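Same chain, two partners: subunit A is paired with subunit B first, then with subunit C.
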Partner chain A sequence: MTPGLALQVGTLARRSVVRTLRQPAMVVPSLFFPLLLLAVNAGGLQEATKLPGFPADTYLDFVLAVCFVQGGLFAANSAGTNVASDVESGFLNRLSLTPLNRTALLVGQLAGVVALGTIQATTFLVVGLIAGAGIHAGLAGAFVIAALSLLISLGFGSIGAFVALRTGSGEAVQGIFPLMFAALFLSSMALPRDLIETDWFRTVATYNPVSYMLEGIRSLVIVGWDSEALAMGFACAGGIAVVALIGASSALRTQMVRT
Partner chain B sequence: MSRGGVRDVALAVAWRGVHNYFTNPAIIIPGLLFPLFFFTAFAGGLSRVDSIPGFEFGSNYTAFVYGFVLLQASAFGGVFTGFSIARDFEAGFSRRLMLAAPRRAGIVVGYWLTGVARAVFTILVVTTVALVTGMSVGGGGIDLVGLYVLALLVNAAATLFGSGVAMRLRTMQAGPAMQIPVFLFLFLAPVWLPYELLTGWVHAAAGFNPATRFLETERGFISGDPTHVLLAFALGAGMVAAGVLWARGGLRSAERAA
Partner chain C sequence: MLASPAMSDIAAIETADLVREFKKGPRAVDGIDIRVAPGEVYGFLGPNGAGKSTTVHMLTTLLPPTSGSARVAGHDVVEEGTQVRAAIGAALQEAALDPFLTGREHMKLQTALHGLPRAERPRRGDELLARVGLVEAADRKVGGYSGGMKRRLDLALALVHGPRILFLDEPTTGLDPQSRSALWAEVQRLATDDGVTVFLTTQYLEEADLLADRIGIIDQGRIVAEGTPDSLKAEIGRSSVEVVPSAHEELGRMKQVLSRFGEAVSSSPKGAAVRLSGGDAQLADVVRALDAEDIRVEHLQLHAPTLDDVFLAKTGRHLEGSGDGAAEEEPEPAGVAA
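Right after this comes the complex of A and B.
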C-alpha cells in the first residue's frame, strides 16, 4: 500500500469507525438482541440436550455461536445504512471530485463494521464465558472464533454496502435485513442438522452457508479443533465476503460514474 | 361534544392508518415477515423437541409454535402501530391532527383500530400458513373464539402501550423503548417448550410473566383443553385498562407539547 493510499484508507476508516460507534442505536441493539436471544435460548431449550445424539452438554454451549452470526447481520445493517446515508447526503458526490482511490473508499467505509464486529465478538465471548460456556479449543480457539466472527461481519457488512451502493437507498438496506434474518433462521441455528426432523427444513439448512458459519464457530466451542467444520465455516464466510466486496466495488464504480 | 366527534376522528385516523398500511410495502412486509420467520424456523427446525421427556401437548408441535406466533403477531401489531404514531409526530402530521380533531381521544381510538386491522391481517396470513403446513387444531368453535379474542386483547394492550410511548417521546428514536419491553414480554415465556421444561432464570422469570398465562391459555384453546382461561382474560383486561391510562397520559403530554 502506498503512503497516499494508506492515508486515504486511514482517514476514511477513522471517520467510519467514529460514525458507527457514535450511534448508540447501531451499537446497542447489535449487542442487546443477540445476548437476549442467547439468554432466553440457553434457559428455554436446555432440555433439548436430552435428545439422543445432541452434541453438547448444555444448550448454552450449542447456541453461543448464534450470537456471532446474528451480530454479523446487524453489521450488514450498520454498514449499509452508513453508506446509503453517504449516497443520499451527497458525500459520495463530493468525494468523486477528489482523486480518492476507490479501494480506499470501500475499505475505509467497512472499517466501522470491523470495529463493531470486534466489540461484538469480544462481548459475546466474555458474556458466554461468564455465563458458563466452555471453549473446548481453548484460548487459541477463542481467537479463531473472533477471527471467523470478524470475517462473517465483513461478509454481511459488504452485502449491506453493495445494496446501499447499488440502490443508493437506506430503505433498500432496511429491506434486506429480514431476508438475512431468514437466512439465519433457516439454518442449523436451533438444532444440529441431523436432528432436524422436517425434511425440507433440513435440506434448506444443508444448502444454507449460514449453517456452516455456525457450525465452524460451534465446533470450537463444543468439540475442539475440527478442521472440516472450520474450513467450511471460513470458506463460506470468506466466499460471501469476496463476492460481496467484488459486487460492492463494481457498484461503487457505477455510483461514482453516475455522480 | 358528542360521542359522534370521537367516532368521526377515530374512523378518519383509522382509515388513514389502514390505507397507509396496505399501500406501503415498507410497513406491511416487516410486520408479516417476522412472525412467519419465527413460525417457519421453529415449527420446522425444532419439531424434534416434542419428543423430549415431559413434553405434553394435545396437538402437534406446529400448533404449539402457532400459539407463540399468534401472541407475537398480536403484540408486535401494536408496537408497529406505535412506530406509525412516532412517524406521524416526526412528520408534523400529528400536530396538525391534534389542532384539527374536535375530540382528541378519537386519535387514540383510531390508532387502536389501525392496530386491530394490522393484527387481524397478520393473524390471517400466519393462520393460513400454519393450516397449510399441517397445524392440527383440537379446539372447537368456542375455543377458537376465545383464542382470537385473547389475541385481540393482547394487541389492544400493546397498541395502547406503544401509543403512550410514541406520544410521550414523539420521535422514531423511541423505537427501542417500544420494542424491547415487548420483546422481553414475549421471550421470557415458554416459547419453545412447556413452562415445566424451562430451566434456570428463564423458568423463574416466566413464572411472573403474564405472557406465560396467555401462551398456556392460547395453546389450551388450540388443543381443545383450555387452561387458566379466567386468569388470562383478567390479566388481558387489566393490561388493557393500564394501557388506557398510559395512552391517556401520553395524549396529555402530546397536547402540552403541541
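Right after this comes the complex of A and C.
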C-alpha cells in the first residue's frame, strides 16, 4: 500500500528533525560561532558607527543580521552532511525500496534544516535583544526576520543537499563550506556597500546575493519597514532556494536510481 | 524480454542473459541466467567483485540492467519496478541504518513508509523486533549497536511489509560466529516456516552449504556452476588426502609416493595432497605405502569435496581469499548512469 504524500513527508521530516537535534556537534557550533562573531564584531567595531553615513547607532544593530546568514551557512553543512551520510551508508537505497515519492524525500530531508533554522533564528533574536539591539520594525518585524532567516537556511540547506546528492560525499559538502563563508565575507557583512571604498570589493559585494539577504534582515533592525530591501532579501534567498531545490531534485533523480 | 509464464509456472526470480556494464569498467555481470523457485533458498556464491551485489541491485530495481531481462515475483524489474518493490524485502551489503535513531524509530519509519495502517505499525514493529531479539535494545540509538544487532535490525526492516521474496546481500560478512549463527537460524526459519523465497549472496562456503537449497557460483560476472550443494560436490566426486611429513626433507619423496594414488591438488606448504583416484578406500593404502617407504607422518587428513573444490575446479582458483584486494572490488552500483 502506498502511503499518502503528507504521511511520507511527515515521517521523513520527523526523522530529519530528530536526527539533526541529536547531533550536538551540528547544533551547538551553528549557534555558538555566529554569536561569537557577533560579540567580537559588536565589541570591536563600534568605532565604525562614527563613519559619515553609517546607518546605525550601534554596531550591534548593524551586525546582528550576520548571525542569521551565518546560521544559514551552517544549515548548508548540516543538510549536506546528513544527506551525504544517507547516500554513503546506503540508507537512501533502503528508502528507495519503499513506495516513497522523491519530492517527499527531499522535502522531508530539509525539514531538519528548517528545525535548526528555527532554533537559530529564535536564539539570535533573543540574544540580540538581551544584548541591547532594537528591532525598529517591532514584533511583526521579528517574525519577518525569522521567516527570511528560515528561507535563507532553506536555500543554503538545499545547496548542501544538492552537493551531497550530486557527489554522494560528505567530504565534498565540507569542501563547499569555506566557499560559502567566502561569499559571506565578500558581502556587505561588515560595512554598508556605499561605505566600502575598495572598488573591486564594492563591486563583488554588489553582485553578491548574500549582501541583499543581510540588508533585508538589517533593514528590519535598523530602519523599520523598507519594502525594497525586504523584496531584494526575499528574492535572493528565495531564488537561491528555488535554483538549489531544482538542482537537488535533479541530483536526487540520478542518485536514487530505481526502475 | 522473458515470456509471461502461466501462473502455476511463475518463478520467484528469473533472469535471461542479464548484463550490467559500468563506464570505464568491465562487465560486472556478464549474461547470467537464473531461475529461483518460490520458497527456495538460493545461494549466490562468489568472491569479492564477482558481480553478486550488482546482480542484487538489478533484481531489487536499484540498478537498471544494461541488457537482458529479469522478472521478480512475476514482474519485469525494468517495466514494473513498483510491483517488484512491493513484493520484495532487501538487506543490502551494508546495514543501512541511521545511527541517530533507535531501533524502534527505524521500525516506525519503515512501517509508515510502506503504508501499513497506523494501528498496525507499532504491533508489527514490536513483533519483528522480538523476532530478531532486539526488544531490550529497541529504544537505544542504533549507533551503539554491535554489528550483529545492526544486521538483525536490517533484516527486521526488510520484513515489515511481509515480502514474498527476500534479498540478503552478504548478510553475515564481518559478524562474529555467534551473530552469524543467529542470523542463519532466522533465515532458515523464514524459509521453512514462512515460505519466503531467499536470494542470498555470500562469499562464505559454510553459509552457502548450510542455508541454500541450490547454489549458483559466480565468478567475473558469469555463473560457472549451479546446483544443490551435494550435486555440485558430487561433480568433483573424489576426496583428497593431505599429508605433512615429520621431517621436511622427506617432502619430495612423500610427493612421489602420493602421486601413485591420484593427481596432486593444492595443500599447505609443509605438505602435499592428492585427489584419491580410487576414492576414500585408498586411504589405508596411502598409509601403508608411506609406512613401507619409512616416511614418518606428522599430520594426515582426508578432505571430503567442498564448494571451494567446486570453485577451484571451475575457475582454477580458490574461492576463499581469491577476492581480496582493491583491484577486484565490485564497482559501486548506486548512482551510476546506465
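Everything below uses one rule, namely that the second predicted complex is superposed on the first by the 254 of 259 C-alpha atoms of A that agree within 3 Å, B and C clash if a C-alpha of one lies under 4 Å from a C-alpha of the other, contacts with A are read in each partner's own complex, and residues count from 1 in each chain.
Note that contacts are C-beta pairs under 8 Å (C-beta built on N, C-alpha and C of every residue); 3 or more make two chains touch, one makes a residue touch a chain.
This is a predicted model, so every value here is computed, not measured.
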Touching partner for A:Val87 - first (subunit B), second (subunit C), both, neither: second
First, second, both or neither for A:Pro29, with subunit B first and subunit C second: first
Touching partner for A:Arg15 - first (subunit B), second (subunit C), both, neither: second
Partner chain in contact with A:Leu5 - subunit B first, subunit C second, else both or neither: neither
Contacts of A:Phe181 with subunit B and subunit C, given as first, second, both or neither: first
Touching partner for A:Gly43 - first (subunit B), second (subunit C), both, neither: first
Contacts of A:Ser96 with subunit B and subunit C, given as first, second, both or neither: second
First (subunit B), second (subunit C), both or neither touched by A:Ala205: first
Residues of subunit A contacting subunit B in one complex and subunit C in the other: none
Residues of subunit B defined as touching subunit A within the complex: 26, 29-30, 33-34, 37-38, 40-49, 51-54, 173, 176, 180, 183-184, 187-188, 190-193, 197-203
In the complex, subunit A residues that touch subunit B: 25, 28-29, 32-33, 36-37, 39-40, 42-48, 50-51, 171, 174-175, 178, 181-182, 185-186, 188-191, 195-198, 200-201, 205
Interfacial residue positions of subunit C with respect to subunit A in the complex: 60-64, 77-79, 81-82, 84-86, 88-90, 92-94, 96-98, 100-101, 105, 108-110, 112-116, 141, 157, 334-338
For the subunit A and subunit C complex, residues of the former touching the latter: 1-3, 7-8, 11-12, 15, 18-19, 22-23, 86-87, 89-100, 168, 254-255, 257-259
